Each structure stands twice: as structure tokens, then as C-alpha cells.
Amino acid sequence: MLKTEELTLNMGPVHPSTHGVYRCVLTLNGEYIQNAVNHIGYLHRGLEKLAESRTYNQFIPYTDRLDYCSGLANEMAYVLAVEKLMGIENEIPERAQYLRVICAELQRLASHGICVGSFALDIAGSTGFFYSFRDRDRALELINMIGGNRLTPNFMRIGGVAHDLDEYFLNELNQFCDDLPACFDEYEGLLAGNEILQTRSKGVSVVSKEMALDYGFTGPNARASGIDTDLRRDEPYGIYDRFDFKVPVLQNGDTYDRFVIRVMEMRESVKIIQQAIKDMPEGPVMAKVPKVIKPPVGEVYHRIENAKGHLGFHIVSDGSTKPYRTRIYSPTFVMLSAFPEMAKGTHIMDAVLILASIDIVLGEVDR
Amino acid sequence: MKFFIDLANSMRAGIEGMGASATTAEIILTAITTLAVVIFILLHVVVLLLAERRLSAMFQLRLGPNRLGPLGIGQVIADVVKTLGKEDIIPAGADKFVFKLASTTLFATALLAWAVIPFGNGMIIQDLNIGIFYFIAIGSTATISVVMGGWASNNKYALIGGMRGVAQMISYEIPMVFSLLGVVMLTGSMKMSDIVAAQENMWFIIPQFIAFFIYYVAATAEINRAPFDLPEGEQELVAGYFIEYSGIRWALFMMAEYANMVAVSAIAVTMFLGGWNAPFGLTFIPGIVWFLIKLYLMLFTFFWVRWTFPRLRVDHLMHFGWKFMIPVSLANIVVTGIGIYVYRMITG
Amino acid sequence: MDKIVNREALVGELNQKFGQCAEIFEDNTNQSIKVKPDKIVEVMKELRDNPNYEFNLIMNLSAVEYPENFTVVYHLNSLTYLHKVTVKVELDKGNPQMPSISSVWKAADCMEREEYDLMGIVFTGHPNLKRILLADDFVGHPLRKDFKLQA
């Protein structure tokens, strides 16, 4: 008998397909994964500690750096949490509410664009990557118009938004939304309809409903596993109860479903933006909030349906201008902890694909 | 059309006129033609690199390299200068001799295959009577270079890439050989010039279209092009068996890939697309031009496939190779044999 | 907008099952209950499995250092009934130690590791209680108030 032993392969932190500085130690039997161990923290900046020495308004730009693919939505989560803590969530002007929804959905399009594109890239279909990034780039240009930055716009404020958006932006956004459905058809034709992609991703790394709940899956990944949950519908924050949209739910929970559900969600986001543009009233965009924000003593936990799952802020206030404790619940940090179990028994080529289908962003994982 | 052959004949006459024997003249002439073919290949490699970058840019809504010279042609020179100027890094734990040997042997096998490729009527370095057999034999030695590069790098990614390369190239060698066998059966000869001459009236792609399909897929796998670029496995193995190579040694790997791609395209043109034969009686265009047109058409399809399809998984690749390609190629041989038998019975 | 569970009934049911272990915790959110640390695993299992409550998703696990104690805060959510509850566990300042609930939700595994890493709360029975975000040789727990910040 030949003596055989398992091969330990160190994937990352410098690797083209770990989506940042994530490191994973794989134990391989041939090319099949016996065991995987996560190593994270290479991008840890101590945002929770930083929050304790910043005022409430000063922390808004930091939230952009959490999940740097969906800055506006992170800001919205934080701002809504602080407003809830201050008890002013009903005083936000109408126009600001609509602008927030537009921003959050635009950001969702950009974030899902990354997921679709990097999934295509990780399966070596780099043409799909460029198709999706073409559209994401248009979304980023629109975000650039909103806040002057493509990734870190710093647009939301406690009590509203920083400034009003003009007619030119809304026209461009409208045009973008009109063009998008044709682009989604392209993704579905080039990627989702491709037989190689289907054979490689269907039935791979199936996450059952029970496992998804056990590991705290939220957002698109949970919906791909058959969990019918969407905070925009179930606990509508802001003015999400006014929009008509569907929540796509798929049942298989495999890599393919986790990929396809994102394209389906992008279609719904486009619908929400179009409704918001149509219904948006004129008016102020900022409520009357004090210059120095001093929430009452107490705590709040508020979460929103971010592009990657529930993004929650647990803020404890001691009545001063700075939060006593800020805890950031990041969805991908929790979902990444399921990666070893999801990858077990799969091929090393699939591990890359599974990682792409979880859609991790290391800025949010490591905070 | 006769320009190259006339040139060769006049050169031979000149050398013999200087008092050399016929054998010496033959040796010198072979050396000159070999040099010409090597230059042809190297030029093609650099131009193809540019062509692929420009074409893939078109597929992907990009611009590609367009700054140096018209249409970015200067990029070719810049690429060559850059790769030549890079530091040649050999990892400390590498098996230095094998490491250096691997890139050289891979490129050498890529060049050797060109000895039997007919560019036109009479334009072939050595018209061996076992021409296609020679091509297959040389092509299969590339496997050794791949595993040498993977093993000598002392890198786990390279090792996995090298092992994948061996498994894949051995598996796809068989259907490739079987697919070419149909053509050899129809011709009754393994000599390249005979095979091309036999296609004067009908290209073999028509009776042997299944064999052509199998040859195309197997050849794509054989030269590690996408969607069968598993040994490189850019996404999970970073660059596979040549992950540790840099500078000119890395360039040799790249050049070998492109030289191989041109070689298998040339074989496809020779075996299935009528070689230098002109279609529709358009014989006023020289044979070499027809050969090049067909060659570029084949190369374009290789680019097209590469930038459209995602990569297969290893087990799917093996299943496809052993459970589909080999049975179909075997069936093709049987059907071809029956067809020839029936044809002979009818025609007497 | 938040649908809060009937806390009186919940606490009554828990106390009946596991003996005096839970009480209503009054704060501004009006959705908190306080649980004794040694009963946390049973309580969490009950909250997850009880068909009347079905708190099947752990929304958040955080720890707060108050001047008088460490408080570990669990935010639970039921996807069936869409109601929420906040479970708070108060720990001794000198020896912040409590049982791990990673056997109830695997999602708690990484979050407990994070709280151990940053806040220094020891979760006994945790399968792999190591630092997760900071380096293994890091000294101290940065989210504690006595941690010296270096500029």
C-alpha cells in the first residue's frame, strides 16, 4: 500500500478569489475538501471601538467603510437606529424618506452587481463579469452624483439626508432603470442559462432551511434556502410599506439558487426605484434635529434588509454626545462561519464558487 | 504561388553551385526553412497575444491595449521587451534543474510539432510518411513538461495544477487520436501531403464532421485553453503549474500555449478543412493564403469559445472525456469503416 | 412597528419550567427579559423550540460593559410570528463567565468568539474559544472601558 496523507492548502489572504483578505486553510483529499478553517480579521479596524470616541454624526462616514459595496444602505441602517433611539423616526420629511429608499435600492443594485459579476469571474466566465460591472458602474456613477463619491457617499444624516437631489439625477436614474431589465436578460442568457455554469453550481453545497436558520442566514442567501423573509415586507422600516414588490424565494438552497436569486432581486429593486421616483413629493429633506445629538439614556437594536442580509446596529446611549457602545451585526460575518460546513466534501473549484455565492465583503466581516 | 518553392530551388542550386554536395545543400536548406517556420511561429505568438487581447476586449465591452501605435500594434514590442526585462525568480525550495528545463521543453515540443505542417503544396519542412503520427507523439510529450513545471516549483498550487494537467491531457489524447484516425482511414495514408491532396474535391469535415467536433474539443483540452484550462485554474489555483515562473520562463509557457494553439489549428485545417486547397475553385488565390485564412478562422473560434464559456470542473471534464468523447470517437471509427466498406462494394 | 412578545406570559412559562430563572427587565425598549447565566442554554433551547414562540433566528449577540456589570444581550426574532425579544444576562464584573449557546445556534459560535476576543467574556463549553478578529498574541480586550487607546 502506498502511504497517503492529506494536503493542507493555505488559501489566502492573498488569493484572487477570496474577495479580499480572507484566509482559509483547506485540508484536501485529492482535490476534495475534507476540512476548512476560517481565518479572518486581516481587515479589522476596530469600528466598534472607534464609534465610542465619535459623536453620532461623526460615525456616519465610518459606516460606509463597513460593507464598502453598499455604503448608502449601511448609512441608512445606522441613521435609522439612531433616529429610533432618539424617538424621531416619525418626523423624517417625506421627500427624505423617498430619497433614502432610492439610495438604498440603488445601492442594492450595485452590491448585487458585484455578486453576480464576481460569481461569473470565479467560474472563469470573465465576460459575464464585465457585463455586470458595466451596469454596476452606471449605478456607481449615479451614487457619485448623490454624494460625490462612488463607494463612500456619506449622504444620509440623522433626521434626513444631506441635500436634495435634482431633476437631472432623477432623469438619469429613470433612464438607468429603463435600461436595466434588458441587462438582466443578458445576465440570464450568458450566465444563468449557460449549461457549464448550471452543471457546476446546481446541487452544489446545498444549505437546507434548518441549516440556514441555525447559521443565522439572512437576506438573499436565506431566501435561496426557502426561508420567506424580507424585512422590507415583514417589518417595513422607513416607507417600505408603500411599495409594491415581490420577494423572490427559491427552494433548493444550492449555489445556483443563491446566484439566480440576486438577479431576481435586482429586478424588484428596479421596480421599487421606479415607484419611488413617481410618487416622490416635493418638500424639505431634513427634519429639525438639534445640532448636537444627545439621545436619551437607553438602547436600541435596529436592522435593515441590506443587500447581503440583515445589517443591525445595537447602540447603547448614556445620554452623552457619544454612544456608550455600538455593536454592528454584520450578516456576512455570521454567514461566513458556515463556509467550512458548506465547503466540506466539495471540490476545491466549488469552494471558490461557494465563497462567491455567499457574497462576502471583508470590510463588513472584519469591521 | 510558386514563389517560396522557386526561392528554395534557386537557393539549393546556388549552394550546390558553390561546390557543396547535395546532402549539405539539403541540410542547409532545412535549417533555413526551420528558421523561417520558427520566425513565423514567434511572430504569430506575439501577434496572437495582441489579437486575443483586442478581440476579448471587444467581447467584453472594453477597449483593450490601444495606446501604443496604430490599433495598439506597438503593444507587441512592449510586451516582448517587458517580459525579457523581468527578473527571473527561481523559488528557494525549487528543483532548479527541472524548474529550468520544464519551460524549455514545453516550448520545444510546441515548436517540434511544426515540422510536419504543410503551409502549401510542397511547403513542408519534412513530409514524413507518418506525419500525423509524429504530430500526436510530439504533442503528448508536452504532458511531461507540465508535470515537471508543477512538481519542480515546490508549490502546492503548482502541484495540483500539474496533476490536473496530466490527468486531462492523457484523457483527451485518446479521443483526439481516434478522431484523426477516421481521416487516416479515408485517405489510407498518414502523410500530410497525401491527406491534403485527398481533400481536393471534398473536405473531410463533411464526411467526418463528428470527428471534427471531437478533435476540436479534445484539442482545446489538449492545449489547456478555456473552458478546459483547469491546470491553470486561474480562480482557485491562481496560475496552476506555472505559478512560480516569471520573466522569460513565464513567457515561454505563454508562447508554448499560443504556438500549440496555432499548431492544433493548423492540423485541423490540414486534416478537416482541406489544407491549402481552395474552396469553390477560387484557385487564383495562392494556397498559402487559403491555408492562413482557414488557420485564422480556427484561431478565432478558439478565442470566441474562451471568452464565452466558464470553466468546467475536473470531474465533469473526466466524465465528458471518458464517457462521451471516447465512445463517440470509437463509434465514428466503426461507422467510417462500414462506410468505406459499403463504398467499395458499390464502386467495386 | 416592532412586534413584541407578551413578556409576562413568556417569563411565567420559563419560570415554571426551569424554576426562578427569568424576570422582566425594564428598559426603554420594553422588550427585554433578564435570565440567570447558568440557565441560559435551557432557556434558549426553550425559546427556539417552544411552538408558541419559535424564536428561530438569532438576530444579534452583543455584550455591553456597564459600570456595575457586563451584560450579554441576545436579540431573538421569530420568522414565524415576526415577534422579537431581547434576552439579557448580567455577569459579574470580576469574572465574566457564562455558558455558551453555540449548541443552540451555530451562528452564536462566531459571535461568542468575537465577544470573547473584544470584550473578554468567557463562554464555557464553547468548542473553539479563540480570538477571531485580533491576532492570537494580542493582549487585552479592546472594547472594555479600561482598555488604553494608543494614539
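Worth a mention:
We just call them A, B and C in the order they show up, numbering each chain from 1.
Heads up, the rule we're going with is that a residue touches a chain if its C-beta (ideal position, glycine included) is under 8 Å from a C-beta of that chain, and two chains touch if they have at least 3 such contacts.
Values in this document were obtained by computation on a predicted structure and should not be read as measured data.
Arrangement of the chains shown, judged by which pairs touch: a linear chain-to-chain path with two open ends.
With centres computed from CA atoms alone, A is the chain lying nearest the middle of all the protein shown.
Between the Cα centres of subunit B and subunit C there is a gap of 64 Å. Remark: subunit A and subunit B have CA centroids separated by 46 Å (rounded to whole angstrom). Note on chain placement: the centre of subunit A and the centre of subunit C lie 25 Å apart, centres being C-alpha means. On subunit A, the positions that touch subunit C within their shared complex are 40-41, 44, 46, 48-49, 53, 213-216, 218, 227-229, 234-237, 296-301, 303, 310, 312, 314, 316, 324-325, 327, 329, 333-334, 336-338, 366-367. Taken together, the subunit A residues at the contact with subunit B in this complex read 7, 9, 11, 15-17, 31, 120-128, 130-131, 134, 190-191, 194, 196-197, 199-200, 347-352.
On the subunit B side of its complex with subunit A, the touching residues are 59-62, 156-157, 160, 164, 226-227, 229, 233-236, 238, 307-316.
Those residues of subunit C that touch subunit A in the complex are listed here as 1-3, 27-29, 56-60, 62-65, 73, 75, 79, 82, 86, 105-107, 109-111, 114, 118, 131-135, 142-143, 147, 149.
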